[in-house]
Structures are given as C-alpha cells and as structure tokens.
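Down below are the structures I want you to see.
There are two complexes below, and they share chain A, which is joined by chain B in the first and by chain C in the second.
After this line comes the complex of A and B, so read on.
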C-alpha cells in the first residue's frame, strides 16, 4: 500500500534510529563489555562476596515476586470478577503505589519501624528496626510497591477469558471449584509472566535496598562507581544483574506472547454473576491492602513532615531540584512519546514473528536495571567529540529517562495502535490520502488516549527515577529524587519527609483527579 | 398433560432500557421437549440464561417443580444446584482440558463416585461417538467433534433439564442435520426434558414436542407439534 519510498519509511526509520541510539546502544555497550570483562575478571565474578550478592539479589527478586503476586493476583481477580461499587476508583487507588517512587515508601517504613521511628517512640523499645533494615523488610516494601503490576495483569487476563467458558462451568460446579479448575489455570501464564517482570524490577531496584542497607548488585554498582570511583569494577558488577534481567524478561515476554499488547478491552458479553456473594470480603481485603500500601506510608510521612518549621523554606531550598525534575520529566515524556508513537506503529503493523521479537526486546530494555543503564550511558557518552559535549550536561538525565522509559511508551502505544485496523489506512489510501495525512487525520486521533497515557506514565516514572540519574547527573545538578536520597543521612527527618511528600503529591494529584473524574462518570 | 417440571411465571429481564424478556410465562412438563424459535434479539437466549440461573429476573418467578429457584432480583438456587446440562451457542469448551477431563470436571462436581465416574464417561463418550478422542484437547477436534463433546459434557451428570442454545448454528447444513438427528435420538433414548433455542424452524420439526415462538421479548405462540414420525408429543 505505502511504498518503500513513502514518508512512512522516513518516520519509522528515524524513530528506529533514535531508539537504537537512546536505548539499544547503552545495552550493547554493556554486552560488549561482558565479553572482555568476563574473561579478564572471572575471579572477581566468582568470589564469595559475589556469591552472597547473587544470593541476596535472587532472594530479593524471588521474595518480592512471590509476595507481590500473593497480594496482587487476588486483587486482580476481585477487580475482574467481583462486583464492587466505584470499581474504577478502586482500580486507580490500588494501582497508585506502583507510580510512587519505591524509596519514598521505604522512607515511610524507616520512619515507622526504624530505631528512632514511631513504633520505637511509642513503645519505648526498638522492636522493628532489625526487621526494617533487612532483606525481608526490603521484600515487603518492594512487594507493596509492585503488587499492582500483578493485579492489573491478572485483571486483564481474567477479562480476556470468554464469559461463556466460565458460565459453562458454573452450570455444573460451585464458584470456588470453577475458580480453581477453570479460571485460574487459564489466567496462570499471564500471572506467571507478571511475577517474572516483578522479579526483574525488584533486582533492578536501587533506592529501596540502598535505603534499607541491603547489599545487592545495584547498591554495589553504585558504591563501586560513586564511592570507589572504579568504573571497571562497576561495569563487571553489572554483568550478572544484566544477564539475570535479560533472561527473566525474555521468558516473561515469550510467556505472554501477543497478549502483551492488549488493553483491558477483553472478551465481549456480560460478566458471570457467580461471585456476587464475595463483595463484602473483597472490599475488606482491598481496604486492608490500600491501608498498608498507601494510606499508612503517606500518614507516616505526613506526621513526620509536620515537624518542619517552614514548608516555604523547604520548597525554596529545593526549588532548583524541583524545577529541574519537572522540566526534565516533561521533556523526557514528550520526546519518548514522540519517538514511541512510530515505534508502536511499526510494532503493531509488523508480522507476527517480528512483532514477538520486538516485544521481547522492548521488555528486556525496560528490565535493564537502572544502575546498569547509568553505567552504560556513561560508557557510551563519556568520550571526546559530539557525545562528549552532551556528557556533563542536563542532557544526560534526559538520556537516562529515555533509555529507561522509551520502551514502556512504545509498548503502550503499540497496544493502542493495534486497535486501529489496517483497513482504516487502506481506506484512506484508496481515497487518495498520503501517509502523513492518514496518520494525522485517521490513525493518531484514534490513539490519542494511548498517547496521553504513555506521556503520563513516562512523566511519572521519570519524575521518580533515581538509579540511573544518580550516576549520570553532572556535578552540581540535581533532581528531586537525587536531592531526597542524598540528604536522607544528614538533614532533619521532617525536611526529608516534606520533600518526599511533595514528590508524592506531584504524582498523586493528577491520579486523584482522574479517579474523581471516573467516579463521577462511572460509579459502577 | 404431564406435571410441570419447570414454570416460568411472568418473568421480565431488562438490560438498561432494553427489555430482553417481558412477562414471559412458560411451563415445561417432565420429559417434554420444547423448541423456542424467533428472530435474533427476541429474547430466546436470555430466557434460557434466566432458567439456568446465569441471569436474574427483575420480575416474576422461576420454579423447578415446587421449588422456587429465582424470583424478582434474587437467585435462590445457584446454577450448579439446578441439575442442568447446557450446550452453549459457541460451545464454551475449556481449552486447557482434554475431552475426558471435561467430563471428569462435571462428574466430580456432581460428587459421582470414582468407579461410576469412569464408567459414565465411557458410556457417554460412546453415546456421542467420540470415545476414541478422550485424550484430545478441544483445538484438536473437528467442528462436529467439538459439538459432540459439548453435548457429552451437558449429558454426563444425568441432568434433569437439558438447555441447548442454538448449538449447531455455526455448522454447515449437512453436519447440522446429522447432529440434530443425533440429539433427537438421545432425547428419545434418555427421555430428556429439554429446551432448545433456535431460529431454524426445521429444528422444531425434528426436536420439539412443542414450539414456543418469541417476538420482542414476549411469547406470541405456544403450540404442540404434529409429529411427522407419528410419535405422540408426550
């Protein structure tokens, strides 16, 4: 339909080139390092210290994947099957912890359970600090952040099960049995894939283990780079993490296959009514999770922040970091969406096999740990010439955001593009429209919500990004997450809590407005 | 006239503003085979789903014998306790289970003893002529074999009432006629009480003791069939 010499080729090729430069190049650099470093530093990779790190990292990932799935999958079932009043609002509220920077939640738990925390102050005894600063503590905190991923995936998987398939079982068996033997086995691959993605995100996380003093690969990479100034050691330390992430993310993407690109629009027809009796228990469970994952941390931060003498002074003192965070996150979201729209288009129109490969690549790129991305970016851009002129500027932070979150935007937009039938383009082409005109008047208007969603998601993720930014930020430059993380040790708790709350407010304010809008329009 | 096995009394069901079924009254006797006909969207499938308990009536009452199973806004007896077999229009086979596992799921749910379960599965698979396919999954079956599996699943627990929702509508004519004859044979052999929803009037000739015609959610005709095979309606 559109020839090779059409403007489509130009747009897609340009986007792919930008994608390669921004996302693939840092990863390729790290993989190239793997070849040489593994041979020359085999001893370092195999020593006892490394084995402990590997064990801790695997335990952090495995424990988080398990606990987050145990919390998230039942909630996904509740959202998909159990009648709840204001369900869309529940969905937004229960998904909110995923959008908060994990270290903010960890900070709240430190203020609650640390040796000088609220529990210790109330009881006069240090009951929880041993637990707070531990691997299980990190697992719990990360599970409370990542469970929405399992919840949303489970909900999508369940909604895609044809209602008749369950109804055929309800006619002969009670709901519990139908759930065990029919519903859950059909949703299991998606739930498993979500668990694998959570595993990857947990082992990639830097802020939470850093704050809770749990020694894993990401924290060691940071120490090697920022404290010991040993770039080659930092690079070597990223290798096991990189390998683990790539393998697990690839398995997850393959497990889900084409379903990676679906939205909540699922099978047609009314939902089965069999789980109506579960509403009260489901509401109770949802309240419990919401209280522990969102309300309690925010309440603790608020209480702590109330000790601050002047909010204005705090905001003023961190004004530059706040401004920088907002500007860079907005710029990152805009560039990422602008590039991702064409990547998403190419993915949606690709042949099946090429499409699956593209999905695996996008998931793998998103799964690359933040500190690995940081080291990769430094390796690529810290050199003489054009690249070197960018290194040492704010541009590095923008590059870090794009390297980390462009793949997510591409996946979101590919999902949106897939719902625009190719026949719409064909109809426009037959009517004599060019490709650009077809895109602007036919395709893009149909994906504007996906485009907006991609922008918002990248903005929120970039606004809370810490692991890569802290490595690539030029001297004297700071974003809000970097400022919070660096002043934790030597600033009054009230000031840190106030800044963490400010960061949370920027993320939750638009989300609250969205929930309110949904509640008014669709109460059921 | 046989005693009424099923009574649908002035039942109404709405979806938003759309009235799917309105003041429907229907009685089905023991061993009776009723065919419900009518154009698309006339409420046939909704009526079947109300009887199965997959939808709740907004007005009226549904009784199985003397027992009220649903009344305005309430389901009093859940679907699995009504003793039903249901063949869905799209068959709704479970993709992750084999033919044999389909039957096991139903017979286990019916708390059938293990020995009887095995025997019953063998018997019913032979009856619908797919006994050689017990270890296959639905996607490994032809269209006709899938229909037979759906029928076997509906029959295996000896339902008191068999509900069929246009089960052969997606098949070509030749296969449809063959399977229709087979259902008629099973009805006679097992003396099933059944309600068969269709828009094909030929089905009524072969399968029905009685024909109920619906239009815009209401029953407009309810008459006994004069059987070509000379068999008495009841």
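After this line comes the complex of A and C, so read on.
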C-alpha cells in the first residue's frame, strides 16, 4: 500500500508537504538569514550569565513538568478509576485552568501574594511576595495551568488499558500493589509524553517568568528582538533553547520508547471497580486542586475587577475581536487536526529510529519562540506572487496558528495512532478493503478521542496566541489577545483584571458547554 | 452513531482542502473601486490613539487600518514588524510614542522623507533635518512617588537621587532595555558620559532597585505602596491620579540636566502602498487639533506648539527646561548602552 501512486503515499506526502510549508519553512528561512550573518555566531559561545539563564530555563521546564505531573497524573487516575459523583462536571472543572491564559493566572497570584496583595493586606505582614516573585513561584503558577494536560492524558491512557490485565492482578494482589506494579507502568509512556509537552510549553513561555521577574533564556531571545532589533542574533540565540528541547525529547524517547500497550478496545466501557474505597480521599484532593488552581485566581481577579466603573466600557468594541478569535482559533484547530492526523499516522507506522527523529523534530518545532515564527512567516509569505496574495489577510493569522501548533497536534495524534495495531489494517486489507476505506472505517474511529483532544488543545493555544499573531495580523484586524494586550498598557489594575476575566470567559464558556454536552450524551 | 462517526471522519478528511480554500479565499485582493484607505502602525497606547484615528476617518472618509502595539515587554512589537516587512511594506505611516524606535528605523532605511506643511510651529529641534520624522505632542519622564509614604518636599528631585541610601529598597524602574526607559537611559549616557552613568547604575543595583517589566508596573507598585518612588512617564502617572490613587509626580532635573521630554514621532514609510494617503494622515496628526485632543485626553500629552492649551495637571512646554539632546547621537548608542545598563543591573 506504500506504492508511489497509492492513496496512502499521496495522503501522507500531501500532509508532509503542508507541514514543511507551514512549520519548517519559516524556521528554515530564519536560520538561513542568520547563517549569513557570521558576526552573530559568537553569541553561541554562551557567557556565564547566559549559561545561568539556560539553567534557570531547564529548572523552570523540568520543575513545571514534574509538579504538573504530580498534580495531574493522580487526578487522571481518579477520573479513570475511582467512582465519583458528577464525574463529567469534575472533569470539566479540573480541566478548566488549562483554558486560562498563564499570564492571567500569574496576575491573579500577584494580586494575592504580592507585597501589597490580599494576603499582606489581611495579615498586615508581607508573607508571600518573596515566594511569588521567584523561580519556584513561576513553577507553581505554570504547573497549575498545565496540570490538566497530564490529567487528561493519564485518564485516556488508563481507560485504554485492557481491563483483563488488571482484573487478573486483583485476583492475587491488593489494589495499591496492582496500581504500582501494573496500572501505572502501563500508563507511564503517555504520562511521560504529556510531561514532555508541558516541559516545552514551560521553557517557551515568556509572559509568566516576565511578570514574576524570573530570568530565563527566552528573555535573551526576546531582548535581541525587542531591544536590539537584531533578527540574526535572536535566531542564533534560539538554538541553545532548541538544543535543550532536543536533549529532553531524545531522553524521553529513549525512556518511553515504543512501550505502548496495544489494545483491542476503545476508551469507553466497563472499568475495574477495585478503587471504590478511595472515593472520599479522591474527592478531597480534587476539591483542594480546584480551589487553588481555579477558584482562588478567579475570585481574586473578580474582586480586583469589581473596581471597574462600567463593565460595558470594557466589553464595548471587543465583539469583532471575540468573533474573529473564536472563528480563527476554530479554523486553525480544524485544519491543524486535519493535517496532523496523516502526519501522526505516518509517524506511528514509521520505523523506530525514524519515529524517534520525527518526535524530536515535532518537539523542537513546537519550542520555537513565537517571535521567530512570526518574523519567519513575514519573510516567507510577504513577497510578490501567490504567497503575497495571502499576506495582509486574515489567512496569515491562520498560518501563524498552524506554524506554531500543528506540531503539538501531530504529537498528540501520533500517540493516539500508535494505540491502533497495524494488524487491524492488515486484516481489513485481507478482507478486500482499500486504504481509504480502512482508514475511515477502521483506524480513524479508534483515534477519535485523540482527534478531539488535539482539536481542543490547538483551539486553546491558538485562542491565546499573541507573539506571532501581532507580527502578522493584517492592518485593521485584531484578535482578542491582541486587543487586550494593546489596551492594558495604561489601564488601571481593575480594568486589566476585567479584561483578563473577559478573555477567560470567552474561551471557558463554549468549551465547558461542549464538554458538558458530550458528557450528557455519553454518561460514565 | 456509526453514521455520525463516518460523517465526522469525512468532514475531517476534507478539512485540509477546506483550510487551503480558507487561506486562499482570504487572499482575494480588493477591486480597484475599493474605498480609500491608509495603514498606520501605532505604538502610542491604543486607548489614546484610536479615538484620534477614528476622528480622521470621520473627517476624511478614508478608512484607517491601524495596527497597535503592546507594551514592549509583552511582545516584540511594531518596529520589528516594520523591519521585517521593509522589502514589501504594508504600512504607510509609523506613529511612535518615543524617539528611539523611529531613529532605529531611520538607520535601517525603513523611512521615507516627508516635510509636512502642517509641521509649522513645531520647534526645529524636533523636526528631522532630512525629513524622515517629525515630532509632536510630548510626554515627560517623571519621578512618581506615593503621597502617603513620601511628602512632596521630600521626593527626589533628580534621577540621580534615586541611588541615594535613603531610598534603599524603595525604588522601582522599568527594564532599561525597552521603551521610553531605554530612550531615557540612552539620553543620559549621551548627556553625562559613561563613567557617571555606570556609577549611577552600580549604586542603583547596590540600593536594591526593583527592575520591573513596564512603566505601568512601576506606577502600580508606587500606587500600592510596594515602593515609595519610581521612574515612569507622565501618562502612566496621570492614570493613577485620575483614578484617585495616592500618586504624585516630580519633573526631574529641572535645575540641572533639564527635564527629559519625549515627543511622539511621525514618519512616512519608504515604498508605502498608499503614500498620498499616508502624507494626508501625517498632515492631520501634526495639526494643532490633534495636539489639543491628546492634551485633553488621559494621555496628557504636552503640545509642542505655543498657544495650544496643555493638560490641566502638567506645565506647558514653555515652563519646562528640556534636556538638550542630540537624537542621532543618542540613537547611535542604543545597543551599547542597553547591554551596558542591563549588565550593571544584573538583568
């Protein structure tokens, strides 16, 4: 089926061509430009300060990946295995922090823990500001935003484990031991993959470390652009950051390898019921996480926003930006998922060595700072001819979303595709089915959860995108993040809080309704 | 259920094709009878500049496609976009809220000369001899102080006072690598020399100065009493005053170096797609009407022309002795000074 003119070859080649055009070309353009500026190569010889920043970045990424996993993976286990009342509601509520822009959560913690924050005002003593403005503070804030990625991935992985394996273990061992020796090792590859994505998100994050005054390597890249207007220096300085991502991705690939459990069953259906005794403790833990990650920041922001004289004035003029953001993010998520599904398929069916290289490439492309992507997109698309007809239109925002987030969609779908055994395709082929028919009737129905997850993740990330969007948005057009960030420069704290809540509500409301709708149609 | 899955999958298969269609559809060019329009890239805060541009639309019937900037520490901003687009510009006009970015763009060949007849009455020092920029309504770098923590007579009167021992741990400044603070630092280095400025930054560092990511953050820290004093801009302080927060301001170095005045700057973009419309909008923005609008707004921009009424809380430009500054000399040292100050402050 891999013949030159076969359907499979054409579909995968088309997707790879689109991927190269959308994601690889902007970075290649920037590297080619930087490569000709020999004078800037010296910055690759990192000085002591830059090495410290790189270390801080690694600590931020590693700490966030670890803490987010420690919070998210147990919650994923709870959602998959422990009986809870109103579980769909719990799932939506616990996943909600992922929908909040990290900068907004950091802002809430500053209002709470700053030296003139609510805690200081209530106690009369500055107890938290030293902690708030620190590397551990940034790790905690980012972990509270990103833990749902680990939670949802863990839940899906646990639901895919063949129940007979655990049921057999329960015959001879107590639940705790089954959990340690059987369940967790089987879910570990997926948990590790989620931790890797969280690591990359954390090391490429600029807003939270900036607000909490934590010096990381993205600052170096950003300064080369924003203060020195030196594109070559900025691009070259991206390389150590990408090198760090390569190392982490390669280590993860070696540790995780291809150890994914092949299962013949979907992610729904009967679960083993050995953990019903854990319900009370699980409910308590979920309440604690919810209170810290969602209720507290939203309550602080709401309290701060109460000082706004007129909510109408805040919302006024944002309607077009909201519509534009929702439409473009939905289009970006749909196109990204549509292309990524074929890339994910190709990666899942590739030889091990090729697959590992593909994973590393996807991680590295995902880690490229947004400004490098934005300037690269200008270089590639702002020219005479066909490309130039797209430049200066809303299509550039769509291309920016795809350039930044297609790799993460491909990673998610590659992981999903690897759970579908090749033998299913072979059986369909023996039965006379063509490749398209096999994909549509056999393979894709088995990855619909991964497809939905990829769509939602890209939608959320695209909705909050600022760094590349602001460089390529056509004159006269605006997305909601662009509008908010261009307004808050001189806005008082109450208005900033109100705008942050607006951005949160706009993304939270539709996705919550969607999730609840799905939950109602398909109860536990 | 199976039918639903099939429909969903068919839709998903078609998605890449639809996506390409969406992008291509977005790329359809406007017809020749499209309405007149002009593209303006604006780094002056949106809340202040948007009403001014909307007024131009109302008066002229020309559609203004604006691109606004964020604070420089939150995105890399419009100057980078203008540099990246310079081989095929999309903007007609750049309206900057401080001189440094304009001067960088001039050195990169992004700007075109245009001597607007509307610039009459603007002091000659604020008009580029080569015509690539024209200054208008200005802001001033000021020392903000918390009025509940610091009496007016005790507030620092010079920027250099901020390094005094008495303000240890009580001072905030914005990151000197960005925005109006970078302009101020470059101007000070050009004015007083490297040795004195290096010493100033060393003493500031020893004094545990808080370096934050924007002038609005400095204002907020002062307003909340987290620090007693800070270096920021007039428009930032005015927002706090208008909101009833306990913040006052001092125009620094009135008796010494002179007050650091930062004009807005307007430039025509080289090879702009709509040069004639660009010139017209520059003429409008340089008019006394616009200086009046910006003075009356919360931006509290100080008119550069005599006779145009200024903001109520600030002195007129005639009452201020501005720091004399060679803009070209200051701009030539931006990179050197930026890295130098950042190094001394441990950024």
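What we mean here is this: the second predicted complex is superposed on the first by the 296 of 524 C-alpha atoms of A that agree within 3 Å, B and C clash if a C-alpha of one lies under 4 Å from a C-alpha of the other, contacts with A are read in each partner's own complex, and residues count from 1 in each chain.
Everything below uses one rule, namely that a residue touches a chain if its C-beta (ideal position, glycine included) is under 8 Å from a C-beta of that chain, and two chains touch if they have at least 3 such contacts.
These figures come from a predicted structure and were not determined experimentally.
Chemist: In the overlay, work out which of chain B or chain C sits against more residues of chain A.
Modeler: Chain A has more residues touched by C than by the other partner.
Chemist: On the A-aligned overlay, A:448 touches which partner chain: chain B = first, chain C = second, or both, or neither?
Modeler: Second partner only, chain C.
Chemist: According to the stated criteria, A:20 is in contact with first (chain B), second (chain C), both, or neither; which is it?
Modeler: neither
Chemist: Go through the superposed model and pick first if A:182 touches only chain B, second if only chain C, both, or neither.
Modeler: First partner only.
Chemist: According to the stated criteria, A:167 is in contact with first (chain B), second (chain C), both, or neither; which is it?
Modeler: First partner only, chain B.
Chemist: Thinking of the overlay built on chain A, is A:52 touched by chain B (first), by chain C (second), by both, or by neither?
Modeler: Neither partner.
Chemist: So in the complex, which bits of chain B are touching chain A?
Modeler: Touching chain A: residues 52-56, 75, 78-80, 82, 84-86, 88, 90, 92-96, 105-106, 109-110, 153, 157 of chain B.
Chemist: Taking the complex as given, what residues does chain A use to touch chain C?
Modeler: 14-15, 18, 114-116, 129, 207, 210-211, 213, 215, 222-223, 225-231, 331, 334-335, 337-339, 341, 371, 374-375, 378-379, 382-384, 388-395, 398-399, 440-441, 444-445, 448, 451, 466-467, 470-471, 473-478, 482, 485-493
Chemist: Would you tell me which residues of chain C are touching chain A in their complex?
Modeler: 5-6, 8-10, 12-16, 18-19, 22-29, 37, 39-41, 45-48, 63-77, 79-81, 83-85, 87-88, 90-91, 104, 108, 177-178, 182, 211-214, 216, 220, 224-226, 235-236, 239-240, 243, 298-299, 335, 338-339, 342, 347
Chemist: Under the touch definition given earlier, write down the residues of chain A that touch chain B in their complex.
Modeler: So the residues of chain A in touch with chain B come to 162, 164-165, 167-174, 177, 181-182, 185-186, 272-274.
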